[in-house]
Amino acid sequence: MFSKEEIAQRIAKEIKDGYYVNLGIGIPTLVANYIPKGINVVLQSENGLLGMGPFPFEGEEDADLINAGKQTITTLPGSSIFDSAMSFGMIRAQKVDLTILGAMEVSENGDIANWKIPGKMVKGMGGAMDLVASAKNIIVAMQHVNKAGESKLLPKCTLPLTGVKCIKKIVTELAVLDVLPEGGFKLLERAPGVSIEFIQQSTAGRLVVEGEILEMRLD
Amino acid sequence: MFSKEEIAQRIAKEIKDGYYVNLGIGIPTLVANYIPKGINVVLQSENGLLGMGPFPFEGEEDADLINAGKQTITTLPGSSIFDSAMSFGMIRAQKVDLTILGAMEVSENGDIANWKIPGKMVKGMGGAMDLVASAKNIIVAMQHVNKAGESKLLPKCTLPLTGVKCIKKIVTELAVLDVLPEGGFKLLERAPGVSIEFIQQSTAGRLVVEGEILEMRLD
Amino acid sequence: MINKVVSGAEEAIRDIADGATLMLGGFGLCGIPENCINALVKKQVKQLTCISNNAGVDDFGIGLMLQQRQIKKMISSYVGENAEFERQLLSGELEVDLIPQGTLATRCLAAGYGMPAIFTPAGVGTEVAEGKEIRNFNGKDYLMEYAFDADFAIVKAWKGDTAGNLMFRSTSRNFNPVMAMAGKITIAEVEELVEAGELDPDHIHTPGIYVHRIFQGKDYEKRIEQRTVRKSAVG
Amino acid sequence: MINKVVSGAEEAIRDIADGATLMLGGFGLCGIPENCINALVKKQVKQLTCISNNAGVDDFGIGLMLQQRQIKKMISSYVGENAEFERQLLSGELEVDLIPQGTLATRCLAAGYGMPAIFTPAGVGTEVAEGKEIRNFNGKDYLMEYAFDADFAIVKAWKGDTAGNLMFRSTSRNFNPVMAMAGKITIAEVEELVEAGELDPDHIHTPGIYVHRIFQGKDYEKRIEQRTVRKSAVG
């Protein structure tokens, strides 16, 4: 089993040199801590910043400089600022190479639900619907099962959708999986000490297991 | 009869305090010389400038600072620069209060033709089609008849159109006319020494003459 | 001579009447027009439709207008943590239209650029698409979304000049420039108002043609929603 | 590490092949990518489709490519004074698509903003509307126009940094930022190339995400098309 930090660390391995990446709130935010040395990655924050830097030092917070999670941040050399229309313009035009976000549910055809639970207070989708509808490459970072022990990898989402047929890859505490174009979760890697059987039990949607499935490595 | 300068001078009287104005090439350009004292007018140049100033002094020409006629110009205090998409965005959104341009023909329902003569080399419409399709208030500055002595105020344009039902007012060397919503050229003023009969002879489209028609005053 | 400069927020919002549709710039509490919001609260104007990415917090920003029940409808992408908002929504006092953030921004852009509608893939296949026209381009589905039609846009800039030109600072830019373009009447409050000619024409984010009233605001609180810091030591 | 900086125009255009569709920034001769145009002439690449507001003059700018008969089709709003252009057009060697200037700019914007099509009233009721979808919004007719699909956008900026960020100077901005956003591969030549971090993030016109290759150009001629001046004396 992997911790949240380890999920983030595994996802970081998917990031290539020169990528522009949008990180959602939660586990995706942690990915920034594990970007491989020697590669150049630019983080996009959809409120209007390319080149998001780390949190400011104490006393250096700037109320005018925040990320999409409303956290105080910093810029980096090469940063640029733009308005919200341009920000989502570059997202829609697929200039952002990789989007990493959390989910409540993912279906075996790549649908995602992550913004609304009927009966609960709805806070809104923010930029999530724009991101999932536009991004050419989306990785979901989430727990394999919810707090009630139910699988979040489903034949069909039960919650209101955020986007359809858009998720390409999922990293959980148990496994790394691709969503197949024809439907189904293809098991790529399993977390150390996690059996294929356990992953199978934790996956309500169709799990495709072919060949040898290696344990994830984080070195 | 009015000279080109006097046509421009008459049109300048239509400009109100606070107006943003786009001036086409030719007679419209001259209008800038006659803007009444004490009113604040901002000239838009559709290549991306608000606040167009006069030509530069000799030796102060800047190749990076031109107007839509490709002439070297200057900026003024309060000028702003923007890209072509924003420039035509503000034109389409009717933020420009008044557009003044030349024409080859205007029809009695407000159609305009000013970009193309079949059989002659076509240079293109530039921004004219955007301007006439979008502007809420367009004044045409032109000669009443062409070089062959034929009226340019027609029942219907014979040349390829630039825009339809868009011209509100026309100022020529002979007269000031409104284009009526229901069609027809309503004579408002005549140039000094020009008779209504002469204007009638020079106007192929329906001329509407009601009440007393005063001579234009340029004081 | 026409003068865009007004004395302050009260004069700027003088003709905003009950039932008006307002755009309010800002992302979270960053770049919100604090002075105008406070003046709207004081004026007690009611039944407002507010287009704003967020709805403030309970005791700051648009939250203050919610406390006074001045808002009939919010059009937002994320309404965050706001107990009074939740109460009014659940009780049916408040109408809420949640739309994707990019759709919100682009519907502003459309208004400012004179485009009656735009196409976006955001929301295709979700409840956001309900009742909307879907159109396929190059094998991909898009929703047709309409330009906003707002009576007033109220924005906050860093610097402005007497010609109405605006410059924004850092991520407080966000929705402000696109909303500034989109209002029938646009009101800008700025931290520093200077004479025309003092701002570099190349560095102006919003040309003055889009701004009808401008004033130098005062007593900016610029509250931080999520104060996150790292230690001064490395790491 | 990925490096956007290339040695010069030859390297920047290395993979532009016969039959490519290019966007070229500039308005008249103002803000045109002189270095890349010269390199394209030298490279003798042919059968190009060029999207550019104008077509240069006989002996400068895109006119140089016309002289070498490298252009199959021009998409422009105004082709101005250019004898060779006229000759090729009349002889049928050159295809020309004349479109309204705002439509040209907005079709670039649409590509850069991921909008497959936009609506504009420009050209309604004229020959420009032939074969196009017309749609009525709020009682007014609009044409639906499609986003451009260009293999390369070639732009000229004043300053740029190694991250690809661009700043333009005065009206040489014109089509450059919208084309920079619209190319599948965007090449920027700049008068001054600086290290990332030297440009103020608030003053960047084109964020580096849109720029794939950048270099500092040389020997800019910056020719003036219409030199108009006034006397130093008043009046």
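Note that the chains are named A, B, C and D in the order they appear, and that numbering of residues resets to 1 at the start of each chain.
As a convention for this text, a residue touches a chain if its C-beta (ideal position, glycine included) is under 8 Å from a C-beta of that chain, and two chains touch if they have at least 3 such contacts.
In UniProt terms the chains read A, B, C, D = Succinyl-CoA:3-ketoacid-CoA transferase.
All values derive from a computational prediction rather than experimental measurement.
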Q. Based on CA centres, what chain would you say lies at the far end from subunit D?
A. A
Q) How far is the middle of subunit C from the middle of subunit D, if each middle is the mean of its Cα atoms, in Å? A) 33
Q. Roughly how many whole angstrom separate the Cα centroids of subunit A and subunit B?
A. 56
Q) CA centre of subunit B versus CA centre of subunit D: separation in Å? A) 28
Q: Two or more other chains in contact with one residue: find those residues in subunit D.
A: 106, 113-115, 120, 168-170, 173, 201-202
Q) In subunit A, what residues contact two or more other chains? A) 49, 75, 81-82, 85, 88-89, 91-92, 134
Q) Considering every pair of chains, which are in touch? A) A-C, A-D, B-C, B-D, C-D
Q) Can you list the residues on subunit B that touch subunit D in the complex? A) 45-49, 54-73, 75, 81-85, 87-89, 91-92, 111, 121-130, 133-134, 160-165
Q | Partner subunit B, residues of subunit D touching it in the complex | A | 27-31, 53, 76-80, 86, 89-90, 98-106, 108-109, 120-128, 158, 168-178, 205, 222-232
Q: Would you mind writing out the residues of subunit D in touch with subunit A in their complex?
A: 1-2, 111-115, 161-163, 165, 181, 195-197, 201-202, 204, 207-210
(Q) Under the stated contact criterion, what part of subunit A meets subunit D in this complex? (A) 17-18, 20, 38-40, 42, 44, 49-51, 75-82, 85-86, 88-96, 134
(Q) For a test of understanding, state which residues of subunit D touch subunit C in their complex under the given definition. (A) 106, 113-120, 137-138, 140, 142, 146, 167-170, 173, 201-203
